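Have a look at the structure below before the remarks.
We call the chains A, B, C and D, going by the order they appear; numbering starts again at 1 in every chain.
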Amino acid sequence: MAMTEDEKVFKDPVHGYIYVHDPLIWDLINTREMQRLRRIRQLGTTYFAYPGGDHSRFSHSLGVYEVIRQMIQAFDRNNYDWPHQYDRLAMISALLHDVGHAPFSHALEKVMGTRHENWSVTIIGHPESEVHQVLEAAEPGLSGQVADVIQKTFPNRLVVSMISGQLDADRLDYLMRDSIATGVDYGTFDLARIIRVLRPLEDRLVVRRSGIHTVEAYLLARYFMYWQVYFHPVSRAGEVLLRTVLERARELVRRARAPFETHPALFPFLIGKVNMEQYLSLDDASLFNAFSVWQDDEDPVLSDLARRFLDRRLFKEYPWTPALDGRLGDVRQLVAAHALDPNYYCIVDETGTVYYDYYLGSQREPGPENAIWLYDQATGVLSEMSGQSLPIQAIAEEHRPVRRLYVPAEVLADERFGKIVEG
Amino acid sequence: MAMTEDEKVFKDPVHGYIYVHDPLIWDLINTREMQRLRRIRQLGTTYFAYPGGDHSRFSHSLGVYEVIRQMIQAFDRNNYDWPHQYDRLAMISALLHDVGHAPFSHALEKVMGTRHENWSVTIIGHPESEVHQVLEAAEPGLSGQVADVIQKTFPNRLVVSMISGQLDADRLDYLMRDSIATGVDYGTFDLARIIRVLRPLEDRLVVRRSGIHTVEAYLLARYFMYWQVYFHPVSRAGEVLLRTVLERARELVRRARAPFETHPALFPFLIGKVNMEQYLSLDDASLFNAFSVWQDDEDPVLSDLARRFLDRRLFKEYPWTPALDGRLGDVRQLVAAHALDPNYYCIVDETGTVYYDYYLGSQREPGPENAIWLYDQATGVLSEMSGQSLPIQAIAEEHRPVRRLYVPAEVLADERFGKIVEG
Amino acid sequence: MAMTEDEKVFKDPVHGYIYVHDPLIWDLINTREMQRLRRIRQLGTTYFAYPGGDHSRFSHSLGVYEVIRQMIQAFDRNNYDWPHQYDRLAMISALLHDVGHAPFSHALEKVMGTRHENWSVTIIGHPESEVHQVLEAAEPGLSGQVADVIQKTFPNRLVVSMISGQLDADRLDYLMRDSIATGVDYGTFDLARIIRVLRPLEDRLVVRRSGIHTVEAYLLARYFMYWQVYFHPVSRAGEVLLRTVLERARELVRRARAPFETHPALFPFLIGKVNMEQYLSLDDASLFNAFSVWQDDEDPVLSDLARRFLDRRLFKEYPWTPALDGRLGDVRQLVAAHALDPNYYCIVDETGTVYYDYYLGSQREPGPENAIWLYDQATGVLSEMSGQSLPIQAIAEEHRPVRRLYVPAEVLADERFGKIVEG
Amino acid sequence: MAMTEDEKVFKDPVHGYIYVHDPLIWDLINTREMQRLRRIRQLGTTYFAYPGGDHSRFSHSLGVYEVIRQMIQAFDRNNYDWPHQYDRLAMISALLHDVGHAPFSHALEKVMGTRHENWSVTIIGHPESEVHQVLEAAEPGLSGQVADVIQKTFPNRLVVSMISGQLDADRLDYLMRDSIATGVDYGTFDLARIIRVLRPLEDRLVVRRSGIHTVEAYLLARYFMYWQVYFHPVSRAGEVLLRTVLERARELVRRARAPFETHPALFPFLIGKVNMEQYLSLDDASLFNAFSVWQDDEDPVLSDLARRFLDRRLFKEYPWTPALDGRLGDVRQLVAAHALDPNYYCIVDETGTVYYDYYLGSQREPGPENAIWLYDQATGVLSEMSGQSLPIQAIAEEHRPVRRLYVPAEVLADERFGKIVEG
């Protein structure tokens, strides 16, 4: 396979341009599995809160590839030790790491009980996927190595940590991309400088000490993005409603009273019995179209929930308070008094476990992949980040869960609701 | 209806923030007809060429409203004569002018023979639409006035030209928005300054003479956006394929051999017999989902075309040359020799009529709505724009159509193709 | 004086445009005292560290005016109580608050023992200044009110806090402006949103509770700007050298062996005996020109220091360590051993007192002007900011001084220096 | 000299970061001749029109270096033929090409009768300049090669055209930089893409045909920058006044009645008898400081003109009309009737010769360095740009001079002035 004469480029809001020189990368981008990611929203239901937040996982995947490409380039410019035999593997793993995402990205993983990483590994290893075929045609065994990097079992820990770690290419890209798309300005940081202060040091990626404030800014940008975007009450309300529609549809399918069948892979997907080809035939559109049909379904719960989703009549949130702990039953009764089924119209949403993840440095003995290490090039001393920065220490310990009650607006406005929560 | 306590805002990549103070505007935004625009791409198939170009018509509609809001504010700051009784009407018309768009915006209008303006007027006037109900509840007769502004029959020409004219809020917003979303930097211009140099002068909107270069930049930005985005060969290839899939599906429906029915409104839409409720139940997702199902249809033409669209295996363009004029039959035979039906796999695409529209100043006697007038505030003299600027005069006369032949890549690569086009 | 027909505007990197409608504001901008600020760098010697950081105090002054203008506009849009009789006073005070700055802004205040606020008040009150004359011609007594606002003695505390407070227009403008000019991206925050969440509440300016993360981002931007820009070692090195040159020149003047006289106001300024007209005739250029002449002065200390400043051969910093506490004498001896006068070539720079100022919330009982108050509009409850945010609490308590030793590079490279600091 | 361990960077508003890897480049940047450029405004008096337009020629010099660095990198990525032995020479020539600029850049060249290119060559070749010493220490003879590239006598035309040509690094940088600094948005273009479509082809730099619209946008950006910035009436008014002050001072020096001597090199400079060391001791500050002193000079013409410059009381422009051709004498008499010397207070400013330069393609037989050539990589055909684009053809022929009359505002407001110009 000959080198393409001129480099290929994609215009991109984060990186300006994304450059492709290796024909293998180009061929992987053009597989049907990668093209499908154009039809999956990176941020699930966040577009309900931020109209601009409907960018695709395809753009993000290209972006992660580009970050790795720039990292390797920066290692070279600074004459750092980096095993060049892994250049291609790192770039390919970056590009393909999200190929297994379900419709609406993370939003469905909980209700479906699936994990996109597993699907990514499945797809890359499956003899009938185009990515598998392209990889194996280029180099027999390559698909297995890529899968190993993605599932973090690849022996070279440095390569793994560039794709999955505290300062990995994945986070660096999505934080910037989501910030730019939503317009949440203070989620940005100095990506070019972060890439420049990174340095491979044996089996881990460390940060030159002079980069401490840049990394502080990155971690705080992460903190802001969680609060302003990922935990945004309206974004969560969309996800709550999305899951609720699907749970109702699943319930109907289980009862052998299936709603109108809009796509042959949808019911298998709902009941967790989907094969790869079926899985890959689904995207955001499969759900939107189903909801559009279901809004006229004979089941009143399904039709109401689907219509609410399409018309953005989301449930309203009520921040959880200790006083609510013993009174959820009362709220459910009130919902029932509005002639609504509390199993679908009274939802407790908790996102804390995701939130804790933003910085793992509070563990007493952080392993090489769980912490950010500052490296003093003069003395060779390594220091863990949270010990060197008061604001980072502060947010590293802030792992309280975000818990909210979601009910329809009319329930929240009912004066009986006020009495319940006030006790 | 009481004024909301604090203003409502939307974060926006063009305007920073979009501000809503009037509860009627807020209620209109929350109708199901407006919310549907969140699921319709502003730029149809342009995302094939520019991954970032998948922003929605909802964002654009908010943006046009915001431009009108800022125009009126600027008129006030400068003490210009502006009939304030039309404030609300102008803002509402801006917000609703695109409410009737079909899936993929303009891309389907040609194949379906519909016009979104007609559907906008229909929806606004229909007693069962939420926008109609909200408008009439606020002020009886208001829906009729809004429809008149949109179809340009409203008596006040100034209000009409702010929504539909050479420097209307619609173009000002979409050029900036499409430029930012695609990343085509030189499609930007100085929107704040254009708004500042606009001045109502009796029944038309003129430009203060000092703004001549700003308007030059705007018209040239328009020129660039046509060449770099709207006429982009890949963007057009997407539209060609989209129309071709639908034409095949329509043909099958006509032959009473319908493909799998994925949405009850789809076939009525395809054969042009759709009512408002059905029309409004369709969006981009309806087509994507249909294509996903059709890629396994028993009709090989439909399944191949649908699969090509999903996997982005678009036809390739060959720029039309005079030499091709008499040889289209030969090309069609070559396509047939590849076992492909030339009615679906050999398409001539022409976009010239749209392109000519970027500046109408070449008409010998431009009416008040067809030209941009520069106004010398000292002397009161009005001058038509293209007579005052050499580059604008140059592009005003450039109305050659853009004609291209689209065939599958394998046909273009066939050496017999080269012989045909070379004669 | 008639209203100008069209509004006046300035193009601006922070605000896009700065709008002027009041002819009095326009006349004040055109006074010679305000025009002089075009020749004074906002950031003193920071341009040594960031080449883009040479923007002028004139731009900043316009910017502070614009922030006040936007604040008042936002109060109106939200129907907040705001005493409109103070509109003009607030905007004028914002515009003029820095009119008394010395060359290189803050950099010279320490060595000269002057304060720009005092000079601002003097100039505004002086019958021979143009700003005084313009103010009094517009409204007798106005100059006194403006002076009162600037020196914080004006009775209305709300107006005072908009110019001088934790969230005043001054800080909001300079943080954004300095961040954009230097390119330190993570110093930016969402200015439009901060202005929107501010609310006048009797005699203070509070923040709507929903704006908590926006204010967090603002305070953290402030934290980053201190570390990355204001405390930057190279920026401080420039200031250290600037002061040292002037101290040597002053010493020579005192000894009656004056260096070449480049400007008649310079020596009076150096010895602290300058009148207003002399003060106003000086700007950054007066010092640069003097240094250019002095680089060939017969006094070897003066000529060397001046030449170092012009050629950017700054002293190098060594971060202060406890070990250094008793060894400054040794370092001074080493400097002397290099044939350099330790009084000029061995400088301890400390900036901590400025740094502490970034957030005063750690005081146990903050007064209304010393803290940022979050206001819950539903309940009316006010909460002090640092109690509501872990990262802000963390940086509010971080008031350690930044102390550094500055010596010429050759001294730092001397191996004896290493022995001294290692003990 | 060892390679520095980590790369050196400068934060920059145009390029994000400017990267330096070669210690020779680093040493050249740190010479006193280069550091002097920090004190010379890139745009002379343009800051009077655009407050942000006071960036320095130092930033621009770094930027031109960076563009060359990126060009070479892009040639490599695309495997184009480029003689790598010239890498260093091209980068150094870019960095040093403006080292000979006088205070206020171009503004003084006309009145002083000097050319910065000549001074650049002089400085690079002078044994006492630091740049000369650094170059010769690195490689004997290198300074001569650099001088040859700058004065376009170097044998390799490709290297010359990258520094001085229609698409040279100099223009690419200054157009972007001046556009960003002034905030004139439509002066921007897609720099990354221009660099990507450039291709060395034997002895010239051509443009890949696919880049036609990018180059159109670049040339139109140039057109806009001339009209909105470089020819801006206020910017020109500043330059007119600057030259007038210096002409008066020169006249006084010639008459042996010199104004107060603020800098020993100033009078030699004014009368054109300055040596290199004197020339290098002057910068913008030398003039500002002189004006500050001269505003109290005993010569009323000098003091008034100097004060006007400092206080920005510029002359006002009147666009030249054919009717004025025979009436300049009447205007001069009117100026005299205001007790003003018409030799200093009635100036005709013409900038046309500069303006024509923006595109040389109108020459019938353009040589390789006078035109932009589009290169069709498939066919190898070269086409001259203006023949391929209507808007470029239009502006290529627009070479009318910009002629304006400048007089004090009070003269323009005199009703007799109106009668003269109306005839």
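As a convention for this text, a contact is a pair of C-beta atoms (placed from the backbone, for glycine too) under 8 Å apart; a residue touches a chain by one contact, two chains touch by 3 or more.
Everything numeric in this text was worked out from a predicted model, so none of it was measured.
Comparing each option in A-B, B-D or A-D with A-C by residue number, the pair that reproduces over half of the contacts is B-D.
With chains reduced to the mean position of their C-alpha atoms, the one farthest from chain C is B. By number of C-beta pairs in contact, B-D leads over the other of B-C and B-D. If each chain is reduced to the centroid of its CA atoms, chain B and chain C end up 49 Å from each other. Between chain C and chain D, the centres computed from C-alpha atoms are 32 Å apart. We define each chain's centre as the mean of its Cα atoms; on that basis chain B and chain D are separated by 43 Å. Counting partner chains per residue, chain C has residues 16, 184 touching two or more of them.
Of all residues in chain C, those touching chain D in their complex are 10-13, 16, 30, 32, 35-36, 38-39, 47, 50-52, 54-56, 58-59, 62, 182-184, 260, 262-264, 281-290, 292-293, 295-296, 310-312. Chain C contributes residues 3, 5-7, 9, 16-17, 19, 21, 77-79, 192-193, 196, 208, 377 to its touches with chain B in the complex. The part of chain B that touches chain D in the complex is made up of residues 184-186, 188-190, 213-214, 216-217, 220-221, 223-224, 227-228, 390-391, 393-395, 397-398.
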